[in-house]
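Sending over a structure as structure tokens; questions will come in a sec.
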């Protein structure tokens, strides 16, 4: 499904130049549940943003379903993100002045759906995440776990094939984090490809594959039950 | 903050207050400017205020104006030449106008254009209270003055008593024929900046056929700021300063408002919104707040006009103010949005 | 030294980061300040009135008047002298002003030159010497009227109305002075009364007639009386200045009333113009217990009634002078808008600095953690507020110095008010910042969520 070849990304200039990614080569099949781990500054979030079309790469190739993703065209990137990808971020990115229903409905606007269809899809997503009773509440009225569920609902409402999550449990307590992880597992069982950036061993442990990044390169890529202790982030 | 169960986004109240102030200010300015224009016109006896007197001497022929007007009108627009005629009761002038200089409020018919004011046919515009001797013939109105029959092109006037109601404007050819070409005239232009060049041109055109004495000073050294702060212009200056200041504060408020929208913008980006969709959504929210602000400003202005006699608002004022508010709001939003997107 | 360097670096960093907002605030404060000062000048007595221009005659305070010359030059009132109705309008305007019971009025010009044609001068003086009566030693060949050029002589003169004649106790030794009867002429072509200074006694007889040109208009005149020796007038009504002797002067009247209606514009225009000049030479009394602003409003009403510029009262504040043509309602609206504007400007300042402190709180927390004092964090903020307000001072100075192009108000007072306003704004801003930063500690700053 996803193929990266010799992907590099650099930030800054001259003495402040940082090579966030150095020749990443990666293949992810459809339906995989993948964790990307690494120390702070190893390039995890950069890799995730490139995978989601949120950031362009300096060189290399990104193939999605056998087709090259064109980073030079903002229009195509936006289309790719709109149709193929669902994003979940650490601090939820929910609009404070929209209620949960409106937040979850955001991806469906401008897609040509009727109001009735949108309502149907949103309520379905909320039901799936078990927060349908919170549809009229505002994000500030919900707990962290509920907000993250809402964010996940927004990511899945348009039924994307690929879900990218950047530290989804970072702002949550352990119990809530486990609940969220369970949600990802269920979504994966339904056929979605999920890539999670995390430094949480427990979260990574639930994934079937763990990719380790070190200094912008893949240092390890193996099954999820093997976790290296030295990769734990302080 | 919630209103009727709906949460009011942060920064929106500020935006609403900003646009209430802007629209109130615009409504006040537009209605005051309209009233002032008519008052000024009347007080200035239909001169712009920067008109210049001049005299023609030693012209031997009446038709000395033919070439002058032909040359002047070929080169310039928006000027008028008046010839005051002595009358014991009313203000009578001959006029030749090209373009528009000071157009009075017309009750009937139309005002002079170049052809009508420089035609072979004697024509007149009467003030509202000068219609005593009008008669109709062949579907047109006429009146006699100084032994000449003039076709009445239109009637000008204001509801309240003003000097315009007691004025009579004749076409310049007829006025010259009635009196003498060697007399005093007044040159007026729409823009003050045109006065000197048209005045000099006029003076040059008369060189061989007559003499013209026209004083064209470039001003008496009063600084632009002093002119803007003179008692004749202070209100206009103040209104403009207020408008500029409210616009600046709206820019500040819009930046703050956009900052509070960043999470929403990020959410749209995550959801794959195109740029125009993000812009459209932002604009919708902005115009909604601005729209409510305009309505609040209009309500306040309506209250003022009902309680204060001096303030009168007409439908045209509201339309103009609305257009200006929308225009100003659009410019501010575009500017702030582009700067904000560049910085984030 | 290191502390100063730190403060300066922090100031430049912070200022540069929000330079655009700071510039907006500078402009907003500059505009608000100018408007605020003008409004205060209009409504409050800030001391920016020229008390020196007022005269004290007896127990009363008197102000000079003007009809601003710029208006005349732009023909604002030109039709007042080209039609009979315009002339009558001007004369009625003067009459209403000068006969006001509420605001006593007189007109006086102690040094008004008068002009005679060479032939009239010869006829007037005959064989007698006229050197002492000349204002200009040599005659000039110029236009006497629009159509007539001739040799003309300038003589010393003065011009007063009946009110001034009575107020300054002038008396005649021959004939009669100005009276209510002789100041009214039946026809516009009748001769007007003139008085002569005592030096003319024995030279010119009472009853002598002569044509005199004043301000470009020719007046047929008849000598009504000769004044006592030592008759004098205070220049511009100023009692504290050396009196102007009238002994060698010809005294023309202001305020001639013409009974008969005439259709001849040329005849009536000279009296209308004389009345216009009488307003220019006018001095009006501000009664006790009456505010100057009320007198300005009364004069504005008279101006509006006759469609003429309201007479400018000399010695008012800059605000009263600038807004003298505006109605109370218009100025009140402006006041509301100014207060709103000031509110927005201060709100903008507070919000900007609140935002700045919020977004920099981690940075400040780090500074505090590393031994920086709160004062060292506060000082750059205060400097930034000062820098935002400083342009207001320069702009305010420039605006008010430019506005005072005729030296019509004590600009130093107004500029001091500008400083005062800026000082208040600075204290308000500083107080707000200090309030925001009170009781702050590193942990508190670091722990705050985004």
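Chains here go by letter, A, B and C, matching the order in which they are written, and residues are numbered from 1 within each.
What we mean here is this: a contact is a pair of C-beta atoms (placed from the backbone, for glycine too) under 8 Å apart; a residue touches a chain by one contact, two chains touch by 3 or more.
None of the values given here were measured: they were computed from a predicted structure.
S.K.: Which chain has its C-alpha centroid at the greatest distance from the C-alpha centroid of chain A?
M.R.: C
S.K.: Highest contact-pair count belongs to which two chains?
M.R.: Result: the chain pair B-C has the most contacts.
S.K.: If you average the Cα atoms of each chain, whose average lands nearest the overall Cα average?
M.R.: So the chain sitting closest to the middle is B.
S.K.: If you average the CA atoms of chain A and of chain B, how many Å lie between those two points?
M.R.: 60
S.K.: Could you put a whole-Å number on the gap between the CA centroids of chain A and chain C?
M.R.: Once rounded, the distance between the two centres reads 73 Å.
S.K.: As a quick test, compute the distance in whole Å between the mean CA positions of chain B and chain C.
M.R.: 28
S.K.: Mind pulling the residue numbers of chain C that touch at least two other chains?
M.R.: Touching at least two other chains: none.
S.K.: Quick check: in the complex, which residue numbers of chain B touch chain A?
M.R.: 7-10, 263-264, 266-275, 277
S.K.: So in the complex, the part of chain A that touches chain B is made up of which residues?
M.R.: On the chain A side, the touching residues are 54, 74-75, 78-83, 85, 87, 89, 93-99, 103, 106-107, 109-110, 138, 154.
S.K.: State the interface residues of chain B toward chain C in the complex, per the touch definition above.
M.R.: 14, 18, 21, 24-25, 28, 32, 42-45, 47, 49-51, 53, 84, 86-91, 162-163, 166, 186, 222-223, 225-226, 229-232, 234-235, 238, 241-242, 244-246, 248-249, 251-253, 255-256, 259, 304, 308-311, 339
S.K.: Under the definition above, what is the set of chain C residues touching chain B in their complex?
M.R.: Listed in rising order, the residues are 20-21, 24-25, 27-28, 31-32, 34-35, 38, 68, 70-71, 74-76, 78-79, 82-86, 263, 265, 307, 312, 321-327, 329-330, 333-334, 337-338, 340-341, 344-345, 347-348, 351-352, 355, 398-399, 402-403, 405.
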